[in-house]
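I have a structure I would like to understand better, so I am pasting it below and will then ask my questions one at a time.
Naming follows writing order (A, B, C and D), and every chain is counted from residue 1.
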Amino acid sequence: MSDTHNDVSDWWATSIIDMAPGRIRFRGHPVEQLVGTVSFAQMIWLLTRGDLPTEAEAALLECALVAAVDHGPQAPSIAAARMAVTCGLGLNGAIASAVNMLDDIHGGAGEQAVELYGWIDGAATSGAALEDAASAMIDKWRAGRGAFIPGFGHRFHKPEDPRAPRLLQLVDEAAAAGTVSGRFAAIGRAVQQILNERKGGPVPMNIDGATAVIYAELGFAGPLARGLFCLSRSVGIIAHAWEQMNQGGRNKGPTPPAYRWTYTGPDPIGNSR
Amino acid sequence: MSDTHNDVSDWWATSIIDMAPGRIRFRGHPVEQLVGTVSFAQMIWLLTRGDLPTEAEAALLECALVAAVDHGPQAPSIAAARMAVTCGLGLNGAIASAVNMLDDIHGGAGEQAVELYGWIDGAATSGAALEDAASAMIDKWRAGRGAFIPGFGHRFHKPEDPRAPRLLQLVDEAAAAGTVSGRFAAIGRAVQQILNERKGGPVPMNIDGATAVIYAELGFAGPLARGLFCLSRSVGIIAHAWEQMNQGGRNKGPTPPAYRWTYTGPDPIGNSR
Amino acid sequence: MSDTHNDVSDWWATSIIDMAPGRIRFRGHPVEQLVGTVSFAQMIWLLTRGDLPTEAEAALLECALVAAVDHGPQAPSIAAARMAVTCGLGLNGAIASAVNMLDDIHGGAGEQAVELYGWIDGAATSGAALEDAASAMIDKWRAGRGAFIPGFGHRFHKPEDPRAPRLLQLVDEAAAAGTVSGRFAAIGRAVQQILNERKGGPVPMNIDGATAVIYAELGFAGPLARGLFCLSRSVGIIAHAWEQMNQGGRNKGPTPPAYRWTYTGPDPIGNSR
Amino acid sequence: MSDTHNDVSDWWATSIIDMAPGRIRFRGHPVEQLVGTVSFAQMIWLLTRGDLPTEAEAALLECALVAAVDHGPQAPSIAAARMAVTCGLGLNGAIASAVNMLDDIHGGAGEQAVELYGWIDGAATSGAALEDAASAMIDKWRAGRGAFIPGFGHRFHKPEDPRAPRLLQLVDEAAAAGTVSGRFAAIGRAVQQILNERKGGPVPMNIDGATAVIYAELGFAGPLARGLFCLSRSVGIIAHAWEQMNQGGRNKGPTPPAYRWTYTGPDPIGNSR
């Protein structure tokens, strides 16, 4: 709102949206000029970054958003969403309980991979050979952040996560067309090669590692990579919650009711009969 | 997963996703064939409904998704997202706390409007004139569901919400092209006309009423209308949370700290000095 | 804050807490006089209702809070909490995702039972015999709110939920001591008798039905009954989340990974080999 | 459940609760023996730790739980809870959105203070004088974890947080009675003295620093200190959400609607008139 300037209004200052009665502008663009003109992916870019991307940039962003929508009911977030609607929650509540779980371990790898790629890019820009930079930064990550290299390895998709090569192919095409530089695709591949060599076997780049290449190529900051992953995965969350609503059920537990749980504490009921 | 069929696997049965090591299919489509081929809007449709929309249908869906991304920091969900990141939450947590608030009053009007439009459509299909059907169903809504007619009226955007006429224009174009029938645009306009007449002044169709026209035209069920509104508004939530991260702050309250709150209970500190 | 009165401070007016630098009062009581003097249950009562309960009233409230702390990992909220911490969330995030699920079906029965008991109490106060009042209000509930009578029946604890008779016994003792009237215990028993007769078998009063007797006896409004159930169940949520933190695990799914899910959609991977 | 042992039941193994039809045991204790016998604070201890505390231990725990229930609507979590119910959420949803915000900055200081106290205790146990140990560990914290020393300093309660001296007094009494050792009270006071000296002015121990003394004295792990803070603050969240329900309002924003926000981006509407 551009009319009232004082300490109360300033407390909520934003450059994202301006309004007057009957008028709305996003990042300076009247809403009625955006609707019907820009794609949802372009709008996501505009709102989070402030400028409109080219169609080619938006198309590459769209690839990352499309690829990450779902990973099935074994993912804790998806299971939570399905259970949530059987407790009485609407889709807003199901999304809330589920997206919340996309934290450091479940949904943070993309953000972390963007950060790792950035380290490597910084080292390479400072003159190191790419493979040396990648190797050094992998060591640095493990020393300071833990054994898991974000974006690589998958307990299920072996030897290859089917999303990664397709996404890298699209980055290559975008680099060939001049849309992006291709530097982060090279960085991602360097990381993969080093991890493969060190392990003596495939450590496949996963969806987080591959989408992080795209986010880094397009200049998204790490936290936004996590945010956009949440947005993408929300699609799967909505689809599963809606499917569960149609399947019905009340207070759906994690396993069929007959299984329940193994009790490991003192004085089990079974012993006292 | 198509390999193991038993009561435990069946407990989480889904038609949305199938996986095998190295392979992922959404609604039967290999992921690598979707990525780079379908838009994010098409993917949203595919995952939530099971079939791929035409490009024209996806384009109309995209209009609804683009139009609803944000309504500024006065919206409780946006304020919550901005406060959340100053408490230490990442974007996943900020989305969770914020989207949760898109409940019946804040984010449910789209779902409700789809339901109301469906009532009117049913009555009109049964032979009533459209205006009579709309008038009767408005009465029925108020008798059973309360005074607020979902999707109409806005405390700020008067006499017109700038998003509604633009969205209706795009529905008209889609109807002219044969993409949709246009019945729900007529229904929405009939509701507006009746509300205007009854009030003797403008009761503008708002973003919920206008996007509900699109969702109803495209055949989305009411709960999905709410879910897709949450998805769209998540974009604004992410943008505002990220902007706040960059502005900084710790434990941001709702007003500048000097204002605090008016105490209305017994034994105020001020009186006892 | 009692010092500043204006529209901004008034927007957040409350009678719950007053503060000045170095001073905090809850409902008019200086915090330093409450700490070490009142029990947690008394503080819960004071903050939610404004007055301090007698020790006997607080003791009965405490029974309801103690009884409802947990129902094991088959409860969707508990499962969600355990999964949440394996995704990287702290206990605050685990509580959030889990308590959110205590909605109408999973955690709302206590609130609904308080409401139903209130209907019966109103009818009986107007002159109907208690059993007639209960029977009529059960019919009214089923006509307007659905087949489930809140607070009665349990899919697991048959023929009796062990918490209900113990809680009713404690209400009887409190009624004998003059702490409460005992009317709602009679109402709860009347509902149970009618449901048993209608079914021709036991429809045991469950934890929600029994705690609702206590909340109604003590004069808590229905929504607070839900809120206090959430508070009580948060204890189990915290215990399970913490146990899971110590067990470890990353991205814990709902079933052991080998089970995954049954795919029911088109073009399963298994068929296309 | 003690009857079924297999990989599915084992996946949800727990030592917290055992059940059979008509029977529930918490940590080996039949529920009907706990209800009416143990206090809510004892139950919290039992469920989170596995053993029953003495009454004196439970009384000290209760002091920490009572002291932290609320800090008013300027706290982002409380503001969020109040806004949430005006969006249509029940108390479960309001708690979810609000407790989620009790993250590292807003609700994590207690956990962090327990950790810091533990460092100091470890150093002192290894032979350093308490003040030297405290000074060294404060330096270590600032080097590795940032400038803020958790549990000390308050932007509003100056020169003293009224809760801290009262809580320390109660710890002293408990130490005199032999309930706790008093070591962590000494540690907390040492930290305060050092911070005061370094700043040349009061850096008051706040609610987090004081309750952390209690949690550490009683042997609670750091993450549980955060969890119990969330439990305590949930009381204020419930009270404020319920008060707001009674005040009414729809889609309550952070400031009175007339203030809105200051727009800081390109092409403000005000400039283009």
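Operating definition for what follows: a residue touches a chain if its C-beta (ideal position, glycine included) is under 8 Å from a C-beta of that chain, and two chains touch if they have at least 3 such contacts.
Everything quoted here is computed from the prediction, not taken from an experiment.
Trainee: For the identical-sequence pair subunit A and subunit D, what's the CA-based rotation angle in degrees, nearest 5?
Mentor: The rotation relating subunit A to subunit D comes to 180 degrees.
Trainee: Report same or different for the subunit B and subunit C interface, where same means the shared residue numbers exceed half of all residue numbers found there.
Mentor: Homomeric contact, same residues on both sides for the most part.
Trainee: Name the chain whose C-alpha centroid is farthest from the C-alpha centroid of subunit D.
Mentor: The most remote chain is B.
Trainee: Centroid of subunit B to centroid of subunit C, CA atoms only: how many Å?
Mentor: Distance between chain centres: 30 Å.
Trainee: Just how far, in Å, is the C-alpha centre of subunit B from the one of subunit A?
Mentor: Centres of subunit A and subunit B (C-alpha means) sit 22 Å apart.
Trainee: Which residues does subunit B have that touch at least 2 chains other than itself?
Mentor: In subunit B, residues 1, 8, 11-17, 19, 23, 72-74, 79, 89, 93, 96-97, 100-104, 107-108, 156, 254-255, 258-261 touch at least two other chains, as defined above.
Trainee: Taking the touch rule as given, give the residues of subunit B at its contact with subunit D in the complex, in rising order.
Mentor: 8, 72-77, 79-80, 83-84, 86-89, 93, 96-98, 100-108, 155-156, 250-255, 257, 260-261
Trainee: Please name which positions on subunit C make contact with subunit B in the complex.
Mentor: 1-6, 8-20, 23, 25, 27-29, 50, 89, 93, 96-97, 100, 254-255, 258-271
Trainee: In the complex of these two chains, what residues of subunit C are touching subunit D?
Mentor: 1, 7-8, 11-17, 19, 21-24, 26, 30-32, 34-36, 38-41, 43-44, 47-48, 62-63, 65-67, 69-74, 79, 82, 90-93, 95-97, 99-104, 107-108, 111, 156-163, 165-167, 169-170, 221, 223-224, 226-228, 230-232, 234-236, 238-243, 245, 247, 255-256, 258-259
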